[in-house]
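Heads up, the next two complexes both have chain A, just with different partners, chain B and then chain C.
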Partner chain A sequence: MFYVSVFFQYMAQYMKTKLQYRADLFVEWLSDFMAQAVNLVFLLVVFGHTTLLHGWSRDEILFIYGFFLVPYAVFGAFFNLWDFNERYIVQGEMDRVLTRPLNSLFQIVLERMELESLLGAVPGLIIMLYAGSRLSLSFHWYDVFVFILLVIGGVLIYAGIFISLATISFFADARTSIMPMMYNISSYGRYPIDIYHRVIRYILTWVLPFAFVGVYPASYFLDKEEWYGYVFFTPVVGAVCFAVSVMLWNAGVRRYRGTGS
Partner chain B sequence: MNAIEVERLRKEFKVHASRSGLVGAFRDLWTRRYTIVRAVDDISFAVKQGEIVGYIGENGAGKSTTIKMLTGILTPTSGRIVVNGMNPHKEREKFVRTIGVVFGQRSQLWWDIAVQESFRLLKKVYRVSDEQYRRHMGEVIEMLEIGPLLDKPVRKLSLGQRMRCELAAALIHNPPLLFLDEPTIGLDVLVKLNIRQFLKQLNERYGTTILLTTHDMSDIEALCERVIMLDEGKIIYDGSLERLKERWGQGKRVAFTFAEAVTAAFLRQLTEGLNVVWKKGEQPNVWVAHVPPGGVPEVVSRVAARCALNDIHIHEVPTEEIIRNIYEEGAVHG
Partner chain C sequence: MGKYVEMVRIRFLMMLAYRTNYYTGILIYAINIAAYYFLWSAIYGGKSSMQGMSLGQMTTYVAISWLARAFYFNNLDREIAMEIRDGKVAVELIRPYSYLGMKAVQGLGEGLFRLFFLSLPGLLVVSLFLPLQFPGHAKTWLSFGLSLLFSFIIFSELNLLAGVVTFFTFRNEGLLRAKRFIIDLFSGLILPLSFYPDWAQRAMMYFPFQAISYIPSMIITESFKGAAVRDGLLLQATWCIVLLFPIGWLWRAAKKRLVVQGG
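Right, the complex of A and B next:
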């Protein structure tokens, strides 16, 4: 409960800061929106030529992409860990974090929050509505809750993987280029998984479960019954991923406190 | 009761020793050589509640490492630490609520938001009630004279203003123990005075125990009755500043400005048996006598009886010089 109220306090503070720079905020929104639009146009162009990809129609692929954008946006808003090494280890901000009476990971999430990333979910929802209506998908009232559950699962998977990567900073003194590479790999999850080779499919499911952020959960709404097992596995994979990453994080902090920066 | 108890505290770091040259770099890829550096070497001390202790030493002497262990950031390699009755590296979250920390080189405050908004966040994080906040922070804000700064964003503050706000931020939860790492670094004299005065008041009014590291000896002289001096990870002196000065102050410096030129030999002969060392001053006809304790009246009367003088200055050996002497000679005995 305490953590929830701290969270909202930080959020309020964040919004106040952002509102101070009105022009800046506006430009940011605009550029975010443009980036999303370009992405969308690119996708339409690419899939305009291929009407069918390994048994997936253009609209189905679009739908998956649209779905993927939602957990991705939520992840981007709360888990900005890509410069963790630079900011917290090299510059020593971690010391300050450790002198405050809050969980260290939670503090970093709060400090690095970027709520405007949530806007990225809007094009996602639009794409889903557009593709969904063309596919004339059936929709039930409880699908809203399923959707939320699957999004949370996806966010936890993303968070888990990137938190685990950030923990590398605690163990290795050199900077690694794994982060950008992982961003690239993560984008594979937003395309139908069976277009890939068996090995890649396996990796994206069980090693770096990015498929659970895009294809698998989206196939629930696309009525692809052969994937249903994976669909409901999404929150489980998310929970496991996140739990493992928190354990790694704690081990990392222990190590940091042993060695210093 | 003791606020800090440290026994045989040790911290070792593994440092990667890189070989030179390209070949060396390749060999480093396979087998790494490590050397173990002992940053803090079996130190023991205790700080009573309400004390202000200066923790001094050269760069790399182990000051920051000790502070980091005392604040729970680092876990010691061996030894025992009890701070505020707790072990700092266990129950971290509970422990840090009982201490305040200011790292002079690092900011506690959020850069973009107004100072009071930062305070509000910290108040929430430290679970301070509104009533408690109003009562205690009202006083702190008044003492530090930062009332007018509260609605300005931190990035618009000068260093001195920011530092005062940092201090206030570290005291939001009214901790009984305050760690200050270089609190006056880079500040001008007026701000330094203000901060020192504040720390004194804080110590008197709330009985706050303060442990501070500094390079500025005037900080120590103004605030600390006790100093702990560290060199290469070992404590080389722990005791009152007064005693340090007595033992190492080596009496007084007396600067004579003579009306006409004198020779060193003449002066030495004049003060024979008084154990005085004469050194030529920077100005013409100025000679400085390094006089052992108690010898000043005799030296002055002997010189004044034989020479025409324009001026006499008597001053104590500055603390900085004492400290420098100690470092040059190594450990303090006794």
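Right, the complex of A and C next:
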């Protein structure tokens, strides 16, 4: 209960600070939108030259992309860990966090949340509706719950991987260039997994399970029955990923010594 | 001049201290490029050529553009923005060197480091398992080298420009991010500009972005030949010079307006 009330207090503070810089908020939202437009333009341009991608049509790929944007937006709103090293380790902010009687990871999530990223889910839903209606997909009442479950699974996978990457900073006190590249790799989960060589398929499924944030869950709605096994594995993979990352985090915090400035 | 060369060296050595995490960087680059390769194989789907490029050329294009990016990429815009926000810029401005010039050579030091410790080993790793095609002519390699240098200059100039804008706006995270995505999209990094519709290609002729990634990658894949190589290099050189003017102009205006908040 304590955590819930802290969450809402942080949220109230957050709203106040954000509304102070309204122009910046707008530009930030616009730049998020542009980030998505880059990928969308890529897909549209590519499908201007071909009709099928390994048997998957343009609308199916668009649908996967639309689906992906929803967990990605939720992830972006709560897990802004990409500058964790700079901000918390190098500048010593971690010391401040650790003196407080609240889980350190939870505090950082709250401090760094960017609720406006949630808006990024809107284009995702629009793309899904557009592609879905062109594909005339069937829709059941329980699909809403399946959707929510799969989105939560996806968010946990993303969170798990990026928390794990952030914990590297506890063990090796060096700047790392892995995070931005990881964002690139994460985008490959949005394409039909069967286009890749089996090594990459294996990596995207079991090592860096980004395929569970895009193509696997989306294939449930696309009625691709050959992937159904993976679809329902999504929440499990998410839970495992997240649990492992929290364990790594706690191990990292125990090793943390501070930079002494 | 000597102090700038020294700064390149210092940045290089600074990065060298952190070299271990570049080994993982190489691996991640390799996975990234390999995934891109399969994506493009699926897009080609058996076609022997698209927009005048074979799959082999496309593979090389993708690999080289990502590895070249490691060289020309830098975060000068963010660094300048952060120094303005922290007030460190005040100290920088009284030092006996050109602030922007010093930033640029720092970027060069980083770029050179990544060229030797990320791009070249990365290229070696990638060429082990991907069918890359490299030109045999020394002239193509020379043109590519020159083109890559221009890429670095243009990319850095755009970053300095965006950084200097921070003097006027104070907070411009959004602008910097938007700039990054525009460069990703229009520089030819994620796909060659020749794939875009004609009207988009014509529009891009008027922007410096294609000079960053498209031109060097087209040169190394020999998709540009003869006069096209020369024109590409000329275009890059022109942008290198043209971009100096807005930077100089904004910089003079910025120094007058500078307000250091604390520090």
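FYI, the second predicted complex is superposed on the first by the 245 of 261 C-alpha atoms of A that agree within 3 Å, B and C clash if a C-alpha of one lies under 4 Å from a C-alpha of the other, contacts with A are read in each partner's own complex, and residues count from 1 in each chain.
Assume a contact is a pair of C-beta atoms (placed from the backbone, for glycine too) under 8 Å apart; a residue touches a chain by one contact, two chains touch by 3 or more.
What you are looking at is a predicted structure, and each value in this text was computed from that prediction instead of being measured.
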- prompt: Following superposition onto chain A, is the placement of chain B relative to chain C best described as a clash or a fit?
  reply: fit
- request: Report, please, how wide the angle is at the C-alpha centre of chain A between chain B and chain C, in steps of 10 degrees.
  value: 80
Which superposed partner A:41 touches (first chain B, second chain C, both, neither): second
- prompt: Regarding the shared-chain residue A:2, is it in contact with chain B (first), chain C (second), both, or neither?
  reply: first
Task: Could you say whether A:30 touches chain B, chain C, both of them, or neither, answering first, second, both or neither?
output: second
Message: Once the two complexes are aligned on chain A, which partner has more residues of chain A within touching range, chain B or chain C?
response: C
- request: Kindly classify A:232 by the partners it touches after superposition: chain B alone (first), chain C alone (second), both, or neither?
  value: neither
- prompt: Can A:178 be said to touch chain B (first), chain C (second), both, or neither?
  reply: second
Message: For A:53 in the superposed arrangement: first (chain B), second (chain C), both or neither?
response: second
- prompt: Just chain B (first), just chain C (second), both, or neither: which does A:17 touch?
  reply: first
- prompt: When the two structures are overlaid on chain A, which partner does A:197 contact: first (chain B), second (chain C), both, or neither?
  reply: second
Task: For A:102, decide between first (touching chain B), second (touching chain C), both and neither.
output: first
Message: Just to confirm the geometry: in the superposition, how small does the C-alpha gap between chain B and chain C get, in angstrom?
response: 8
Statement: After superposition on chain A, the chain A residues reached by both chain B and chain C are none
- prompt: So in the complex, which bits of chain A are touching chain C?
  reply: 21, 24, 26-28, 30-32, 34-35, 37-38, 41-42, 45-46, 48-50, 52-54, 172, 174-178, 181-182, 184-185, 188, 191-192, 195-197, 200, 203-204
Message: With touch defined as at the start, can you tell me which chain A residues reach chain B in the complex?
response: 2, 5-6, 9-10, 13, 16-17, 20, 92-93, 95-96, 98-103, 173, 254, 257-260
- request: Name, in rising order, each residue of chain C that touches chain A in their complex.
  value: 17-18, 20-22, 24-25, 28-29, 31-32, 34-35, 38-39, 41-45, 47, 50-51, 171-175, 177-178, 181-182, 184-185, 190-191, 195-197
Message: Residue numbers of chain B touching chain A in their complex, please.
response: 13-14, 16, 65, 68, 71-75, 89, 92-94, 96-97, 99, 101, 103, 106, 108, 110, 112-113, 117, 120-121, 124-127, 153
